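Below, each structure is written out as structure tokens.
Shared between the two complexes below is chain A, which pairs with chain B and chain C, respectively.
Take a look at the complex of A and B:
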């Protein structure tokens, strides 16, 4: 039922996203033109500008929502989120290195792979810094350190680039945007994202068992190493390739699972698919909002998600403190 | 009168005073003006930017002149008797130089070709090169007067500039004046955008200007700003024959080379009108 509702909202937002843009055009007539196989400026706007950004909003949102839910389940830590623990930041660094060195111009696939490599390094670092039995706070602090370091290195790389535009583009990588992305970006990132989704979704039953504690999970026949590998690998694939084409869009993986967790009866496994759709809804809505809010130059998506997400994060921290004392 | 308006800051040197012999320029655009007008031995230093051939056609001329990075320390130790800068060049540095009693002459971004000519005259006077300034301006006016004329029939083609990051150029920019002088109608100007505002790609595509002006870029350093110009939608909507590649050095500053930009666009305008007439 919940999934049906979320899907309905997604479809609705999808249509709005196609209809809303900086230029006014008759969507209905243009769709008819596309169906008749004609090509005009309007069809180019629809298929080459609005379509890729709508698809990417859904793909990126789903990746972030899904990864957030999976990491929270695996680490049994309500604050775990790709952005907060530095996975997104390192993915951005990886993508930035590949893009501004010119490698992505020669081998386009290097862009998502760079993001994924960055994400993998972040997760490995996190485990090394915090250890596998780390408490809530340790993981977050290790994440903060990784995030700060990745942010500084990203800034350094952009400053060293000989392109006069590069240093201003730090805002894209740190706040994220889907403006004027193309179908090429969809084609580059979506296969790897889908593999990541499959890996994460396959851990649903294991995560459910894990919520009863590691010993119980093992006694239930859950292969803990496989779960860890699949959540981490899947997150790296999904978040790494998402960040490589959209920059860092923060807090989606934090807010969405938390809002939906009570609705699925606190089952980490059932939370996975709904968080994916929820993430798609949130990023789609935010991407529509940045086009509608008249700010001249378009707002970055991450600005909106942070405005919603940061107070939410503070609320969670306060609640955690109450629970701990 | 216009010339006087364009100059701000304290100019100690009067027309009768001896010409400055230790001139430093700390801004790309003033670099181009002093390189046009000053004697080589009047120049102590120009900014490092003008030595980059991707930024300026004066690079070869500037190669053997010591470069500066616009820092107060390096300027003061050179003991200049005139520093020229842009209106928005490092305000803190400029304030410090003025405090130390160094004459500073600042120039605004010119918004029209007429203002470019006025600035050349002002700079020439400041450098004690009035005759050379007059000759440069006369040459510019001569070349503008002898542009190939537009076909009598046909309407002026519409045009839009699309720069990295999707920036257009509206009324009140030198680009707009160059387009108008070349006999085109600037679409961004008609959309009443301000100066160099961002032109959404959707709007650009649906407006369908006859010609799209893009900045020719020879550098290989990748950026998202440049990647935007390779967007498949842009390639689908504008064929190569409707795209004019403008060398940025021609109009990024108000140097005499701005006439070259007008010439390039006039040729493109004529070609566009001829094609439209041929098709109809």
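Take a look at the complex of A and C:
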């Protein structure tokens, strides 16, 4: 029932997202033109600007929501978010290095590839630091260390960048945006995301059992190392490729599972698919909002999610505090 | 479902970070038996139970389930034969009572499959046995200590394993609940299960257990019937206490009375 509602909202937002933008066009007429095989400014706008943008918003949002839910389930902490293990920080660093080296200007696809490489390195580092049998706290601490180091290196790159143009590019990219992305971005990121989604979704039952603690989960036949590997690896693939194509979009992975958890009776497993759709809804809506809100330069989506997300999160924390006392 | 079963630990040794926690302990339980695992704090009771449950791999020795080395079994197969209730068993999310009990069916379900009819029946039976059917929709966090323990024991029963292991299942409960749970475990044994309980309450151990295994500093110092194990000498040397003992209604009782060392 809930999934049906969320899907309906997704479809609605999808249509709005296709219809809204700088250029005013009739979606219906343009679709007819595409069907007739004609090419006009409208068809180009639709197929090469709005379609990839809309698809990426869904893919990125689903990745963030799903990974956030899985990470909260694995660490059994409602404040965990997908970036906690360092994948977003390292993916951003990888992309920034591509900017800095100038490779981004020569090969456009080097940017997302750099981001994905960064995310993979983050997971390797995490396993080297925390070991394959690490407990929750070790994973969080290793993630904090990796995040801090990635942040420091990103600052170093900014510090050393001689061209103010590159500097601005990097800063803007980090804010997160889905504008001016092509179908190439979709083609590059979606296979990796799908593999990541499959890995994460396969841990649903294990995450349910984990609510009774690690010992009990193991006694129920859950392979803890596999669950960890699949949640962390799946998050690296999904969020790593999301950051690689969109930059850093915060708060989605934190807030979406948090909001939807009571609706699924707090089941960590059932929360996974619902959070994926919820994340897609939120990022689609945010990406429509940045196009509609009349600011001089288009708002960056990461800035919007943070501005709306942070106060909302404070509200959630206050509500949680009331429930606990 | 209550076929003959046997769980046996042979020469179980566990070292963690170079420190020996268990040093060659033998223990066994079979259908129809309640075995009590006794010993002072730090004797290695929990470690032994965790090893039997497959949560911890022994450094030496092996755990045999129905005569087969458990290390060779798949984790799901093992989980269906041996159910384990951890000490102070936690529940991390505010799940409903029915959801917590249903987690006992995890070893019987695949990665994506939804609960089958037999899973639902097992959950219903476990909830009826522990008298929590009326609490099914309640959030676990709103229950009293005794009700919460009923839910966790129902989760243990819902596995429908042949062997039940429980670590201090009656600690921190009032006498009514303590007797209720001991009666429940005794009934499970009478129905053909093998039960191993870690206990601190010597009186309950003497009354309800068919056999006792007494650990001290990682080694087994005695095993046998309650009368053979709970002797004045062993209570003095292992626990450092004197106890009043006697017989009432054909059952032996032990009442810790005073310390005999500082």
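As a working rule, the second predicted complex is superposed on the first by the 249 of 325 C-alpha atoms of A that agree within 3 Å, B and C clash if a C-alpha of one lies under 4 Å from a C-alpha of the other, contacts with A are read in each partner's own complex, and residues count from 1 in each chain.
The criterion applied here is as follows: a residue touches a chain if its C-beta (ideal position, glycine included) is under 8 Å from a C-beta of that chain, and two chains touch if they have at least 3 such contacts.
Source: prediction; values computed, not measured.
**Student:** Once the structures are superposed on A, label A:313 by its partner contacts, choosing first (chain B), second (chain C), both or neither.
**Tutor:** Neither partner.
**Student:** Who does A:251 touch here: chain B (first), chain C (second), both, or neither?
**Tutor:** Neither partner.
**Student:** Using the touch definition from the top, say if A:219 reaches chain B (first), chain C (second), both or neither.
**Tutor:** Touch status of A:219: second partner only.
**Student:** Looking at A:41 after the superposition, I want to know if it touches chain B, chain C, both of them or none. Which is it: first, second, both, neither?
**Tutor:** A:41 contacts chain B only, not chain C.
**Student:** More chain A residues touched by chain B or by chain C?
**Tutor:** Between chain B and chain C, the winner on chain A residue contacts is B.
**Student:** Determine, under the contact definition given at the top, whether A:296 touches first (chain B), second (chain C), both, or neither.
**Tutor:** A:296 sits against chain B, while chain C stays out of touch.
**Student:** Across the two complexes, find the residues of chain A that touch chain B and also touch chain C.
**Tutor:** Shared contact residues on chain A: none.
**Student:** Once bound in the complex, which stretches of chain C touch chain A?
**Tutor:** Residue positions touching the partner: 50, 53-55, 74-80, 82-86, 89-96, 99-100, 103-104, 106-107, 109-112, 155, 159.
**Student:** Using the touch definition up top, name the residues of chain A that touch chain C in the complex.
**Tutor:** Touch residues, chain A against chain C: 76, 201-202, 204-205, 208-213, 215-216, 218-223, 261, 265-268.
**Student:** Taking the complex as given, what residues does chain A use to touch chain B?
**Tutor:** For chain A paired with chain B, touching residues are 21-23, 25, 39, 41-42, 44-45, 48-50, 99-100, 102, 104-105, 161-163, 165-166, 168-169, 172, 180, 182-184, 296-298.
**Student:** Please name which positions on chain B make contact with chain A in the complex.
**Tutor:** Residues 164-166, 197-198, 200-203, 205-206, 208, 219-226, 228, 231-233, 236-237 of chain B touch chain A in their complex.
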